[in-house]
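Which chain is which? They are A, B, C, D and E, in the order written, and residues in each are numbered from 1.
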Amino acid sequence: ESDPDQITIGIIPTESSSSAMKGFEPFRKDMEKALGIPVKLFIAPDYAGVIEAMRFNKVQIAWFGNKSAIEAVNRAGGEVFVQTVDAAGNPGYWSLVVVHKDSAYHTIDDIIRDGGKLTFGNGDPNSTSGNLIPTYYLWGQHDIDPLKHFKRVRNANHETNLMAVANKQVDFATNNTENWNKFAQVHPDMIRNVRIVWKSPLIPSDPMVWRKDLPREWKSKIKGFFLAYGRVGADKEKELAVLKGMSSGWAPFQDSSNHQLLPIMEINYAKDKMKIQNNDRMAQTEKSQKLAEIDAKINEIQSYGKLVQQFN
Amino acid sequence: MQTQATQTAAIEVDTVSKTFGTDKALNEVSIRIAPGEMVALIGPSGSGKSTLLRHVAGLLAGDRDAGSVRIFGHQVQKNGTISPDIRKIRAEVGFIFQQFNLVGRLPLLTNVMTGMLARVGTWRSLLGWFSREEKERAMQALDCVGLAEHATQRAGTLSGGQQQRAAIARAMEQRARIILADEPIASLDPESARLVIECLAALNRNQGLTVLVSLHQVQFALQYCVRTIAMKDGCVVFDGPSQELTPTALRNIYGVRKSGVDLDGTAPLHIGVRPEPALLGAAA
Amino acid sequence: MQTQATQTAAIEVDTVSKTFGTDKALNEVSIRIAPGEMVALIGPSGSGKSTLLRHVAGLLAGDRDAGSVRIFGHQVQKNGTISPDIRKIRAEVGFIFQQFNLVGRLPLLTNVMTGMLARVGTWRSLLGWFSREEKERAMQALDCVGLAEHATQRAGTLSGGQQQRAAIARAMEQRARIILADEPIASLDPESARLVIECLAALNRNQGLTVLVSLHQVQFALQYCVRTIAMKDGCVVFDGPSQELTPTALRNIYGVRKSGVDLDGTAPLHIGVRPEPALLGAAA
Amino acid sequence: MTAVTSPHKIPDTPLCRKLLRLLAGLAFTLVLAWAWRGAEMRPLDLITYSANMAAYVSGFLTPDFSEWPQYVHQTAVTIQIAMWGTLLAVIGAVPLGLLSATNVAPFWVYQPVRRAMDACRSINEMIFAMLFISAVGLGPFAGVLALFMHTLGTLAKLFSEAVEAIDPQPVEGIRATGANKIQEIAYGIIPQVVPLWISYTLYRFESNVRSASVVGMVGAGGIGMLLWDAIRSFNYAATAAMLIILVAVVILMDLGSTCIRKRFI
Amino acid sequence: MTAVTSPHKIPDTPLCRKLLRLLAGLAFTLVLAWAWRGAEMRPLDLITYSANMAAYVSGFLTPDFSEWPQYVHQTAVTIQIAMWGTLLAVIGAVPLGLLSATNVAPFWVYQPVRRAMDACRSINEMIFAMLFISAVGLGPFAGVLALFMHTLGTLAKLFSEAVEAIDPQPVEGIRATGANKIQEIAYGIIPQVVPLWISYTLYRFESNVRSASVVGMVGAGGIGMLLWDAIRSFNYAATAAMLIILVAVVILMDLGSTCIRKRFI
């Protein structure tokens, strides 16, 4: 554990995002000043490269989505240390199911009932809000395999899905509040053609992850800088303005830990479970063995969660 | 038709010049060939024979400011612009190229059949639908030049003389009224050469074709062509009855060359041979 | 060296055959040429002259089961396998191709300088660093064939005869001990032709080069070569002193051809001409 | 012209051309140096950290073929889409490629055609994909159309440049028979370029099969998307399996391409 | 051979070849039909819903250049990366392309080299990107290396197929002088293929500049990533502006390519 001679930050804009570099630049400068060593920023639209980079210690700090943070923790020796908070103070965002405004469907139950007639615009398989959350809360709870239940399932990203709904090319699709707001800004006329029929429970906002093996003193320096930013000190107002310019607009960071990933992890396991259950080709013994493994993991998470609740 | 044709010249080249870089390959060349004539074109290597023939067929445009070419009164080019209806004229002019210009990847028979493209409709030729009769004609032409058994061979793999004969068959197949032949017998053995030139002469004599043939073997010019045109350094230096081509005249045409090759033969190529042929001498 | 060379043949071809498809281009050909000889190779078009020469230079491998070629005792090929040290042997053999085989996109001077590649190191030639002296030699060779002023022109744009002379200059530049010339004078005017053949003769006479030259103009063979080899349909049909080539012998060689061209000339190419030259007749 | 040049004079490159060459060389070097800085080249890192690369690669050493029926199926899907995308593009690229060759078409034809093809190539495939999604909806057909547009631009360019590099002599031979332009092309040009055209077509077909983005983007699945998913979930065992399948497919296509071209060379 | 064939007999294609041709044609048609179904081709939709396309395109009609300095900067970044990626690939592709040409290298050389190049092409650029990220970290250099590997595979293939299509006569001319293999290549082959090689190189350079994924993936930015962001956020005005810049760059490169090639044709 030697002192790092520079800190590299990887940034993966959660859903789709642009001009992140511009927003982060003043923050980077302030951080450089506070830490006294060079700080470099890399913005990559996909997390895979950043996670590999973190694994090989080419990146020390990164901003991930919840799901990618799990990968970083499992794979690249990462650890959540703070969490972003949006400018409105929301501690997270929500997954949505949308239909065309002229659609006959008003609840998710209607949709499930008429499933055989409907085309479903599902999210990218790696998207938390577009795929993971609806899979868990909607199809999982109703014991539905979307591929079999609906007439047709298309996987695409949020934007394409929203467009497809607006153009009546799919009957319903998944989305999330952040993407919805952005689309509404750019295409106010189009958004009027789309209606929300379902909103998920809260999804925790994005975590910041560092490499677990950073030296202790550096960890405290860094965490101190993040938490103090926009909260204390003479430059507080200026720093708040900087935070407001980052991504879709942030408030000061909040303390966090790997703990924030547990609900998503649980959902993830649930999804794996579904996949295995729906796999027709897997041998029955293998299936039950794998399911047992996953159940054990879910149990662990749940009991840990209970434990934590007990002490809080 | 015959009477009408005698009025206009078959080939009329009027002060055409052609400059490559700084080099004048044609220098105000004017010639006039009546229908039914058979004319030999001679001259030293690089004197502009091929260039002249390609101008006549409208394959090369002359210099901007001067000259025109007409075939049977139809304009081929003027002041360096090739006339737009050139294709129709070209169909009447068979061209035998010095380098054969066959399509190496196509079979010999197809190469010969390209001679009739102007008569075959675009669509039919695009789809390669040649009638049985057309194919038979092409085979007949190949048979005449002694290549019938090579019909399916790729043109690129034929021997030099075979390629030359294939080029001749293609031009014949065109059934043109004028034949421009650029050294059609250069790569042929004496018998084949005689056959080809006699065939040209027969076409000229029996069917009234106009023939302009460039030759290096002067004896053929003297024997088969009544009239000879001689070029040198891009200029026409002789144009008249072949029998006036005396040895002195020939010496004049071929004699003094652009650069320093002397004709006496006393000092031929002064390139040395290595004193010691190293490898083979040592190893043997 | 001279004494040693007389013991082994300069060129020794031993029952070489070559089949293309079903066509035997060479049929158990055996020839033996002593060092210092100048031999003419004649034969009708397609008789296998070029194929034979390419076998001698190891550019083409013969059929599997038969024959070998040796140059000064060094094996060029045997049983259809070209020997691995062929490059060293080729450096001693200058080859003048019937189709010239120049690199059309390179300037003439560079084409001539490729003749010395075997003498120039790989690296130097890769970088194109030819010494002043080497360039001067190449210019001298070009000057000899009368092309000095075309040195920077692209080989592809030269006239036919100029390309042929360029190919000769390249082969000369190689300073080989054997010259294989495939119709080196086919595209040349009479004077240039005489010059080239005299030059070959001089190299043979003065410097002891072995020369094997294929020719269509039999008079040159008779005049310059003591010995002539004649081929027909891939077989050697005559091999002896040139003066024994009587007109009957020649008629035998060139006379009866593979396919139906008759030699009497009574029925030359029977290709008709359109009865009515439609376009031009109507328009004129 | 009649002035006799001194014999053996080696032709010199004119001074102005030498200068121009020097300048061009200098400019090129400067641009490369600028790009070197911009690209932050640190070649030594490759050696210093080669252990990292080995560690990364080791993840691929145990391919997991358990899902192979899915891989094969998705490969077939991609092949189907790529096949029609490429076929349509070839049909368009033959005329457009000829029309953008300087030795076939006049200036006022080849300039606009070339520029249109440049645009086809440079407009992102995603934009075409979304354009066609708006008309034909999500699904493989939108992928076919998007691939078609992009491949058209590429093939037309490559086709035309092969045409520009042909030997003009055989074409002149055909022209002299009085053939019209189309016949000249069919008999003089096409036989010369056909081996290269086949090679380009199969290259583009292959690269369309590989291409992940478009086919995945329009919701048609395809091996590219599966592969991408596997990479993103760090499932390197599955990734390796799919790569092996892809490499096999590409090798098969390359062998096929060699076979077909051999008949035309 | 001595058997005299009857004159004027038109050579027939042998029956077995005719059958083979028919079979090949049938197989091809069947495969196309299979692909037609798989690709869910519905050409009529294009006409039925052309209004949708028009609506989509109309979004692009008002390009918004307000951010142009950023666009230009990112374009320059991509050019820098593509330049080195392409240059390195060319340096590798010249020998490898020659070694994978059937008319240059023997069987036991060109087979493995070709297969290696197939692998270079078919392994996803992302995998190379991550491989190099593990060694050199995030940044443009990883992009250069990933582009290099992929471009190497492509160029070596294209280079070798141009070599296979050359005219063998000039090469034989050089060979006969006793030149060794390398000299044969330098003087007989390269002059023939150089126009095509230049064309391929500039095509790959151009396509590397356009390519969004790799450069963005390694965190080096680039116009491709900006464009992608703009598309995904439905900012079609900005998208249109960037497209115009990209089209201009590609047109410039195409013009440059024409200029350079003209000197070698």
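The working rule: contacts are C-beta pairs under 8 Å (C-beta built on N, C-alpha and C of every residue); 3 or more make two chains touch, one makes a residue touch a chain.
The structure presented is a predicted model; accordingly, all values stated were derived computationally and were not measured.
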Practice task
If we define chain centres by averaging CA atoms, which chain lands farthest from chain B? Would you check?
Solution key: A
Problem - Comparison of A-E and A-D (more C-beta pairs in contact) - result: A-E
Practice task
List the centre-to-centre spacing of chain C and chain E in whole Å, with centres computed as mean CA coordinates.
Solution key: 42
Practice task
Return the distance between the CA-based centres of chain A and chain C, expressed in whole Å.
Solution key: 78
Practice task
Name the residues of chain D that each touch 2 or more other chains.
Solution key: 5, 7, 49, 52, 55-56, 130, 134, 137, 139, 231, 265
Practice task
Mind pulling the residue numbers of chain C that touch at least two other chains?
Solution key: 88-89, 91-92, 99, 140, 143, 148-149, 259-260
Handout entry: Residue list for chain A, restricted to those that touch at least two other chains
Key = 46, 48, 52, 56, 157, 163, 167
Practice task
By the touch definition up top, name every chain pair that qualifies.
Solution key: A-D, A-E, B-C, B-D, B-E, C-D, C-E, D-E
Problem - Of chain E, residues touching chain B in the complex - result: 5, 7-11
Problem - Of chain B, residues touching chain E in the complex - result: 109, 132, 135-136, 139-140, 143, 148-149, 151-152
Fill in the blank from the handout: In the complex, the residues of chain D that touch chain A are 49, 52, 55-56, 69, 130, 133-134, 137-139, 216-219, 221, 225, 229, 231-234
Completion exercise
chain E partner, complex, touching residues on chain A are 8, 10, 16-19, 21, 42-46, 48-50, 52-53, 55-56, 58-59, 157, 159, 163, 167, 182-183, 186-187
Fill in the blank from the handout: Interface with chain E, chain C side, in the complex: residues 22-24, 57, 59, 87-95, 97, 99-106, 110, 114-118, 122, 125-126, 167, 170-171, 174, 233, 259-260
